[in-house]
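Both complexes shown next keep chain A, but they swap its partner, so chain B is in the first and chain C is in the second.
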Partner chain A sequence: MASSRLFRNFPAISYVVLIYGFIFLPVVVLVLFSFQDSRIPIPPFDGPSLKWYGAILDDRRMMDALFNSVTVGLLSSMVSVVLGFLAAYSLARLNIPGARFFQGLLIAPLTVSYLIIAMGLLITFTELGIPKSLLTVGIGHVVINMPLCFAILYSQMGEHQANVERAARDLGAHDLQVMLLVSVPMLWPALFASFVLSVTFSWDEFIIAFMVSRFDVTLPVEIWSMLRSGLNPKTNAVGSLVFMVSFVVVLLLDVLISRTRRL
Partner chain B sequence: MQALTSRSGRGWALLAPALLWTVAFFFMPLVIMGAYSLWQRVGMRLVRTVSGSNYEQFLAKSYFLDSLINSLEVTAIVTVVSVLLAYPLAWILAVRVPTRWQHIALILAILPFWTSYVVRSYSWLLVLSEGGIISNFLLDVGITDAPVSFANNRGATVVGFVHFFVMLLTLTIYANLVQLPESYRKAAADLGAGPVRSFIHVILPLTLPGVVVGAFLTFVLCIGDYITPQILGGNRELLLPQTIMLQISRRSDFPMASALAMILMMVISIVYVACARWLKLDRV
Partner chain C sequence: MTEESVRFLDIGMRFGATVALVGINLSITEGSYVVLLGPSGGGKTTLLNILGGFLEPTSGRIEIKGEDMAGVPAAKRPTATVFQDYALFPHMSIEGNVAFGLKMRKVPRAAREIRVSKALAMVKLGPVAQNRVHELSGGQRQRVALARSLVVEPSVLLLDEPLGALDLKLRRQMQDELKAIQKRVGTTFVHVTHDQEEAMAIADTIVVMNRGSIEDVGTPERVYLRPATRFTANFMGESNILTGRVTEVSGEFVTVATANTNMAVRGTVPVDYEVAISIRPEHLHTEDKSGRIQLGTGYVTEYGFRGTHHQCTVRMERFDTPLRVRLPQSKIPASGEQLTLYVDPDDAVLLDR
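And then the complex of A and B:
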């Protein structure tokens, strides 16, 4: 009985195993050879050794880039969430003529390649004489993340919330009080989710950061310049670190979201 | 009435920051880039006279045109292969895997998403390059007797892209499939359709819009990507984003780069319109 079921499922099971193998192969290789002892991360594996992780932690430029990435990610995401929220609140709640049109304008950056956004910003900053820096990178990251925050928050501002807000207003709350004391707490999960999503996008964004930064760079740009030295276990180590950190963050977020959903 | 106008006044005030930001750092740059694409770089100087010479050059020099054609070919291959690989996986996850395992199976399926994008391409280099995992495996098994390289060509670029987009498409197609009530398949079976017929006549048409949306997303992200071809593709053929970057970094020819970027945008718009029209026709 069991064996006949196994036989029937055999094609499906082998397909899943093959595809998962394909999906996991590079990541497993990346992490495994980050523990390589010798200088080249290809077989045979001669580890385990933690020396490349040590090399990363000792690398001043890498640590600076890490710090820059975190700073740019947190600040640009904060701006994205705040601006996105205000715009969503305004378009969903306060009757603005032509709301659909403005909605389209705000979402437009989602439909354009990052490469094109990066080039436009580079040319504009050059034309205006604004020097390339982490600030300009942050500006670019708000351009790509704000539409996302706006779209997520806008979609969450449903009728249920509108009713509660109306009730608060009837009970004498000012608009500002309604927004800060009623809407924000009710939208908390969506606000948090769009913030985390923004941080992960900013954290991983390369082309904008590459084109509009100069001396201070973010982590993906620093890793990029490391790639010029070819295959290097140090690149494996920093890649594995990024992977583990992102994975833990996503797992936490997943647990958090499923818990809020259950409430 | 007074209250109403002041409320809408407040509405504008709340909307203004986001709107100004988008206009200043998205629309204005696009306009400036459009203007640049009509200007020229002569020697090291920027000449601000309007002409279509950058676009003429694009059509005249095979160097530019070829990179667009390469881009279109690679993107088409990647999109088709990714859909063909992702659909069965999404199907198995949605239909054959018990519900309580689906969540964990999905999280596993997109796990490598969370490596950095740059590092993901690099890690394929570890697998494909000379002396890498595959090369070593072939040596061990005895199929080859010297290390072989599978990197630095179009195939490597395609593999790197497909890896990323299989994950993405599995997610979008899965989201579509789980929305289909199970009763549809049962009804088709009751009416005498075998699994194949029920798939072709019932399931596939119902999920096709979702597949098209996912495929469009794949197309846009793939055709505008610089990293994957730059790391994995070698230097025998260039894709359009690489050509654009070369115009900037090697020649600092912003007008030509702008023209190429505008062409990239046009190509994406055309495909977008085609997809949108097809989806609308399909719904009628």
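And then the complex of A and C:
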């Protein structure tokens, strides 16, 4: 009976296998050949070996880039969340003339390609005489992530939350207390989600980081310059690391959100 | 004992082109339970929001204990609100919710704890003080909201359809409890609802509102038995409205000629005026007794048993609209049955408008 059902569902199952294969095969290949023993990451697989991971950890430039990526990711995401929250709070709660216009203006960058944003930033920084550095990369990442944080947080500030804030005010809380004691704790899952999403976007963002950085670079830029000297299992290893970090962070987010959802 | 708690002076409110309130004048006695009753869109919630400081009226002024409330924000008013959706803080324990207002008022920890546990005991929630909001039932949440507002000892407690989200049985139970708590704490309660049974059960004073103005103010008995306006007569329970013309004025009584009969009712309206008379369905009788007036005969078109009475629709000769009649439990009507209806002149109410 089980086999007949399997047979009946065969087209559906093979479709699912194909789809997931299509999505995940490149990642699987990348990760698999990061454990390759020989110098060329192509079949046949002759691992497993961890020597390429060791090589990365020994690579001073790679480790610097990793540290830069983490710093830029955390700081730019923090700024994005704070700015996004303040913008969402004021547009959702205060009677600002033209609120819808400002809302549209804030979300608009989401539709612009990173390449265009990168070029715009490059021109602006050059014009203003701001030297290219990790700071400018961070500013670039705030530019792309703040609209996202704004959109997520704004969508969570509904009528019910507004009423709870009203209750707090009614009980004698002043504006800052309402924000810190009620709005922020109630929005905590959304704040955390937008922070983590920002970190992952910043973590593997390449074009902006490439165009507005100079000597200190982030990990994707470092990987790119490494790729120019040809494929080797070391690139696979660092790629796998980047992927795994993103994966773990998203997993963490999912667990946390589903735990707080029950409140 | 008749100290004034709240006074509305000629309050008007408009939202753009929409007029929400017009010429509201109302005094609320200290320590009374006032119910603002009316259909949705009647302006009762708007009035409550103006009193709570969530809306600024476009005209007029409000005084609480003689103090002008113009420009005083909600946080600074001696009012506290129980919201329709309770608006509890989901990220705090029940205790945390109740303690919030006291923390904002910087009440020292020791005093705060005593007051919180007293408030929770009053609404019988002591055992669940450490629970989270999502662990409580609807009725329990309602009590938390009540305790949270009462613990700050407001001069006036505002309740915005506080029982609206509860099922009927719980609602009836909670309304008795609300009334008991109000009597115990002695705070002025201003309660908004569209449920006239709820209003009658708990109010000391009912304020009937419709289309942004006050239709009637009085005790539940007064408002139900002697409604001032046609709207009140229809909104507070069922009513039969007879129209007629005043033919004679003598002392406290006027004689009104209706389609079927001449009726002497209490009132002061000049001769020849068109007036309306309200008669409650339970005030129509099938037996003649001394002093009763005969309204005429008609036949039963619809009927149904309602537990405490039989509800009938009786089509009368020469009346435009059929009359609604409540017959006693023992009198089982039949379709098409001929009935002669009588009314006590004291039960017929002359309506001002």
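The rule is simple: the second predicted complex is superposed on the first by the 261 of 263 C-alpha atoms of A that agree within 3 Å, B and C clash if a C-alpha of one lies under 4 Å from a C-alpha of the other, contacts with A are read in each partner's own complex, and residues count from 1 in each chain.
As a convention for this text, a contact is a pair of C-beta atoms (placed from the backbone, for glycine too) under 8 Å apart; a residue touches a chain by one contact, two chains touch by 3 or more.
For clarity, every value in this text was computed on a predicted model and none was experimentally measured.
**Q** Could you classify chain B and chain C on chain A, in the superposed arrangement, as clash or fit?
**A** When both complexes are placed onto chain A, chain B and chain C end up side by side without any clash.
**Q** Thinking of the overlay built on chain A, is A:T124 touched by chain B (first), by chain C (second), by both, or by neither?
**A** A:T124: touches chain B, not chain C.
**Q** Have a look and say if chain B or chain C is in touch with more residues of chain A.
**A** B
**Q** Looking at A:I208 after the superposition, I want to know if it touches chain B, chain C, both of them or none. Which is it: first, second, both, neither?
**A** neither
**Q** Is A:R169 in contact with chain B, with chain C, with both, or with neither (first, second, both, neither)?
**A** Touch status of A:R169: second partner only.
**Q** Angle chain B-chain A-chain C between C-alpha centres, in steps of 10 degrees?
**A** 100
**Q** Going by the contact rule set out at the top, does A:F24 touch chain B (first), chain C (second), both, or neither?
**A** In the superposed model, A:F24 contacts chain B only, not chain C.
**Q** Going by the contact rule set out at the top, does A:L66 touch chain B (first), chain C (second), both, or neither?
**A** Touch status of A:L66: no partner.
**Q** Give me, in Å and rounded to a whole number, the least C-alpha distance separating chain B from chain C in the superposition.
**A** Once the two complexes are overlaid, chain B and chain C approach no closer than 6 Å between C-alpha atoms.
**Q** Which residues of chain A touch chain B once you look at their complex with the stated criterion?
**A** Chain A reaches chain B through residues 9, 12, 15-16, 19-20, 22-27, 29-30, 33, 40-44, 83-84, 86-87, 89-91, 93-97, 102, 105-106, 108-109, 111-117, 119-124, 126-127, 139-140, 142-143, 146-147, 150, 175, 204, 206-207, 211, 219-220, 223-224, 227, 231, 235-236, 238-239, 242-243, 246-247, 250, 254.
**Q** Taking the complex as given, what residues does chain B use to touch chain A?
**A** It comes out as residues 4, 7-8, 10-12, 14-15, 17-19, 21-23, 25-30, 32-33, 36, 85, 88-89, 92-93, 96, 107-109, 111-112, 114-120, 122-127, 129, 131-133, 136, 163, 166-167, 220-221, 223-227, 231, 241, 244, 248, 254, 257-258, 261, 264-265, 268, 272.
**Q** Considering the complex alone, what residue numbers of chain A touch chain C?
**A** Counting only chain A, the residues touching chain C are 160, 163-164, 166-174, 177, 181-182, 185-186, 188, 262-263.
**Q** Which stretch or stretches of chain C touch chain A in the complex?
**A** 52-54, 73-76, 79-81, 83, 85, 87-91, 100-101, 104-105, 132, 134, 148-149, 152
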